[in-house]
Amino acid sequence: MKDQQTVLYDAPGPRARRVTLIVSVIVVLAVVAGAYFLVYRPLDEQGQFSMDLWGPLIDPDNEVFSQVWARLRDGFVATLTAAALAIVSSLIFGTALAVLRIQLKALNKRKFSGLAAPAAIALRTLSWFLSIVSRFFVEIFRGLPVVITIFFVASALPELGVDLGDILWYLVIGLTLYNMVVIGEILRSGMEGLPGGQREAAEAMGLSSFQTTRMILLPQAFRIMLPALISQLVVVLKDTSLGFIISYEEVLRVSGQIIQALPEPNPIQVYAVVGAIYILVNYALSKLAEYVQRRLARGRKTAALPAEQPPAALAAEIEPAAKV
Amino acid sequence: GGDDDSGDAGSTDTGSKTFEAGTTMERLNKAQKIVIGTKFDQPGFGLKGLDGKPAGFDVEIGKIVADELGIPEDKIEYIETPSAVREEKIEKGEADIVVATYTINDKRKERIDFAGPYYVAGQNILVKADDTSITGPDSFKAGDKKVCSVQGSTPAANIEQYLANKGSQLVLFDVYTKCIDALNSGQVNAVTTDNVILLGFIARNEGKFKLAGENFTEEPYGIGLKKGDTAFRTFINDTLEKAYSDGRYEGAWKDTAGKFDDQVPTGPAVNRY
Amino acid sequence: MSVLVDHFDVFASGLWLTFQLCLLSAIGALILGTVAAVMRISPIPPLRWVGTAYVTVFRNCPLTIVWFFAAFGLPALGSNADFLRIPGLTSVFSRLGVDIPYFRFAIVALSVYTGAFVCEAIRSGINAVPTGQAEAARAIGLTFTQNLRHVVLPQAWKAAIVPLGSVIIAMIKNSALAGFFGLVGELSNSGVNLTSALGEPIIPVFIGVSIGFLIMTVPLGLLLDHLERRRAVAR
Amino acid sequence: MTLHRAVTTVAAGEPLIVLDSVNKWFGPLHVLQDVSLSVDRGEVVVVIGPSGSGKSTLCRAINRLEPINSGTITFDGKPLPAEGRALARLRSDVGMVFQSFNLFAHKTILQNVTLGPVKVRREKSASARDRAMTLLERVGIASQAEKYPAQLSGGQQQRAAIARALAMQPKAMLFDEPTSALDPEMVGEVLDVMTSLARDGMTMVVVTHEMGFARHAANRVVFMADGQLVEQAPPDEFFGSPKSERAKDFLSKILTH
Amino acid sequence: MTLHRAVTTVAAGEPLIVLDSVNKWFGPLHVLQDVSLSVDRGEVVVVIGPSGSGKSTLCRAINRLEPINSGTITFDGKPLPAEGRALARLRSDVGMVFQSFNLFAHKTILQNVTLGPVKVRREKSASARDRAMTLLERVGIASQAEKYPAQLSGGQQQRAAIARALAMQPKAMLFDEPTSALDPEMVGEVLDVMTSLARDGMTMVVVTHEMGFARHAANRVVFMADGQLVEQAPPDEFFGSPKSERAKDFLSKILTH
């Protein structure tokens, strides 16, 4: 599949190449000048580049350098721990949710004509009820800000008598509630986006609806959605920083403490360094997603990569860098 | 932290302390372990340092109590108790005591008990050193001065009643350092909260800031503990009084909050309600 | 639950402020994102690099850090975001004109962060237009700009509507952070204020805040689901 | 209509598939209108007709991939079960081959072929494997057994799909335009496999536009238009002298160029 | 190779399209290998060959939708311009019809047909509209002018696409498998339009698998395989006695069933 972008304009001829070169030079000059006059100079005039502020972060000979980095490392470990736990549990529960919703959809079509009337009615009511509940669950947790969900979990659970001890778990639950819904919808739309023939071929062969979902649809949805799932990891990694609201000591909160503890407060410098690390890690992850996407497109071990799979209301988070 | 000279008087006779059977003091002494709730982000009172350990006046007070219980410093476990969760941590027994710039008031007394107060703070206003236009909370009534505080805090609620228009006068962040940055770069004219916190910032930014006028509230800081544990409360009150007189209180102050305010407070009378 | 009734005015004005913030930020994000998208598909390499760098940085950086730089980095550069005091707008959105710049900083933070995602949504819309359309346009002799204007963009816009909507929903949810960066009276900030400072019970207050956000996000989400289904059928 | 019934009941052999007054609506669209058809054991029936006339729907109704609104369909003497285990069992008795192959993209050709026998028929995987290899041999792609569908040409994929259907040892096979998605030079190889199946006595219902195949392999040609079964006759008769106007018109369109 | 050049230069008329030693790579893939071909004014050339042999690429190279790596392509005596207005003008002189129609989905049929004349040729919209209606009349879909492409059948869409190309009053037309995406009963209507175009003396290069069309409408058949132009001859000669093994093999595959 060719990129739309490459067919928008023709391969440049000699004149187009010349124009491109001239405009390029102008753009580069403008960017450099802007960076110098609008960013570098004002910062420099305020002494934001002084070693007093940067030393603790970049000068190994600085007396607090190792302490600062030890704390930052602890912060990153806490961030990664929360993110890893959240993504794993989101995957597990999200898969369950997706399978549940797909199965309920199939179940709602059945009439249970083989069973006695009361039993059939009971079963149909149950499956109808479960569909409604799961739909509500999805809409609510998809529509709530993650900060609110986390805060709510951390304050409501103890109030309801559920005490998990470590705040890590409240953060993990809060992140999971949101991300399992997102992942569940990614997988569900992945399964529904597969060519209808896959399900039909399986059913025509005599596989049951659950067997079809488990053996045919889910594995392919996982493969197709792998890039989107990896991108979701980026989202989780970023969202762990919301743990500050329940004072979970992830890297941003630790950064705040470091800034207060240093003799010369240097928030701009600390956040610049932490932000850069975040960007590097997440960029690597999205490159991985891109790579996986390309491998999938080449190997085509799945029936099809649907034209656009992100379900409504999710695309923002899951749109892998590779795809767009 | 300056803990080296404050605790050694008591730490030699750790095992020799005995307490009446069945009391909290006996339990903690036997266990040789105490969990103290404090703040991790309050300069001068409880701030997690670069070594990862909290330090400050509240922490020192906690150490004095622990010492009196016969528990050495390295057996103290600190947990973070931000404002919203303090009562809960005490009720659940997750913290044996909470020393965390904890203002004594009646609403809180419904859920927990307070020993102390061990310090009486008061809300005040921080302005730039050359600012003469703000002299107290009433200066905000005109509606042109902007003030910063922390989201969900009592000082923020207190200052609101002096404001002509909340939307164009009040700025709230999650921590005070952000308020200081905003004051520095001119987005706000003042920062308000308990005087001790403000003193900390004055000390850290020599000559830049000053307090505008007197404290306009009283914030007696107490030590939170489980409701109904009168024996323990009495013990802590006794401990505080002892510390007032034997210099440990003064030492704790000098090494921590005293760095910002060289005027050593006199220990306030404890309230044995 | 009586909190919801007693403090109805707090919730209502919080919702209104959040709505203003979201509306203005959405406009800003759409403008920024469109510019970035055009840069990213342009034939000029440095423009593409700038667009790509912008998207890479802001997609991968936590919003809290972006917001920090909007609220404290801009002042460090000597700006109170006064360029947002747009004469006509300040009379409608009074917060835009006040001396306290944090409403404007919030708009900057949300617009710049969301703009990166808008850019990608628009590009995904462009990519969703079958390549044959652009080829057919070139084959009858349309130039690059004619091709974009008459053939690709009108169709891309339709394909981008759903992803764009998702981006805006995400932005509305992200606006909940505004309270932590100086904006007083926004919905989630009002909730924190009610519980921490006024000691109101947590659960009902947060149900109120949640309802406020769901009022904005759920109908938009349902609308998008609907649009998407309609598009799927049409295809 | 009665005429057709008469024709089919006169035919030799014993009916395996019987449709009686089948009606099917998609919303307001009446896609199968009172269709009656009977297919005998060992018979090869080719269904032709313009696009949208309901050929696929007919085919899919036979193994209930599409539920019908009224009428009855009987397979091997029993009416089609509505759902559940019984329906799954019926389906495993009817092999189906689709226009777009529909091989399971994440499984190798061999896994595609053994999946049904192992999971539905609960066969030992060793014996399923042996039989699968024999079938792949028969359709001429034994050497591709370990590859994934995407690595095969269209013609090879369709032959693998036929092997997959045969692996269930079905009593009848349904083909829905099996060669329409193929590059022209691959059509022949698939038709060859189908012709050999027909010779071996498999009961087959084939929707196709390949008139050559209809001519030489079908016992009967059924012409559909607008959801109705308009005409049916042995191929020589049908192609030689179509009776209905619509059949004449259709044949003129697809045979001239 | 030299033989082919000899054949084409001997032909009557004046060459309109001349490809000389054209080479094209996609990465490591050599898809056009030293291809030389000349098409005279008024000549109809049909290109056939197996899938992936480079037929589409050849077609697209002629109006520079695909740039080539070496060799030259001349149209109407002038080498293909590389870019800009000149290239756009060339393209407006060469009509192109795609397998997948590629009608602009958001415009009506009439708008599709008038877009080029108005935006590229800067015609008055009234006159463009009149001519468009005449063309739609000619391809038999004047009554559909106000509909959107998705509302039309495949055959109607392809005829609209032909009208769109004709609206630019091209000197030559390129067809890339114009009937492969159509239902069989619609193939005829499109081929009819193409045949009438050929009769009217339009210069045409047609990639197709429709051997009937090649036989009765082509002046010359060109057979491609693996990026090479293997054989070219008048249709009778080519279908009657193909010279190369590959052509024989290919014909046997697509003509038997």
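A, B, C, D and E label the chains in the order they appear, each numbered from 1.
The rule is simple: a contact is a pair of C-beta atoms (placed from the backbone, for glycine too) under 8 Å apart; a residue touches a chain by one contact, two chains touch by 3 or more.
To keep track of the chains, here are their UniProt names: A, C = Amino acid ABC transporter permease.
What you are looking at is a predicted structure, and each value in this text was computed from that prediction instead of being measured.
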item	value
Other chains in touch with both chain C and chain D	A, E
Dominant chain pairing [most C-beta pairs in contact]	A-C
Label of the chain whose CA centroid is most distant from the centroid of chain E	B
Chain nearest the overall C-alpha centroid of the shown protein atoms	A
Between chain A and chain C, centroid-to-centroid distance (C-alpha), Å	18
For chain B paired with chain E, centre-to-centre distance based on mean C-alpha positions, whole Å	85
Intercentroid distance (Cα basis), chain E paired with chain A, Å	47
Chain B: positions in contact with at least two other chains	84, 174, 181
Sequence positions of chain A contacting 2 or more other chains	10, 12, 16, 155, 244, 267
Chain-to-chain touches, reported pairwise for every pair that qualifies	A-B, A-C, A-D, A-E, B-C, C-E, D-E
Touching residues (chain side chain C, partner chain E) in the complex	130, 132-133, 135-143, 146, 150-151, 154-155, 158, 234
Footprint of chain D on chain E - complex, ascending	50-51, 183-188, 191, 209-210, 212-213, 250, 253-254, 256-257
Interface residues, chain D side, partner chain A - complex	63, 65, 82-86, 88-92, 94, 96, 98, 100-106, 115-116, 119-120, 148, 150, 161, 164-165, 168
Residue numbers on chain E that touch chain A, as the complex places them	64, 67, 81-84, 87
Chain A to chain E touching residues, read off their complex	10-16
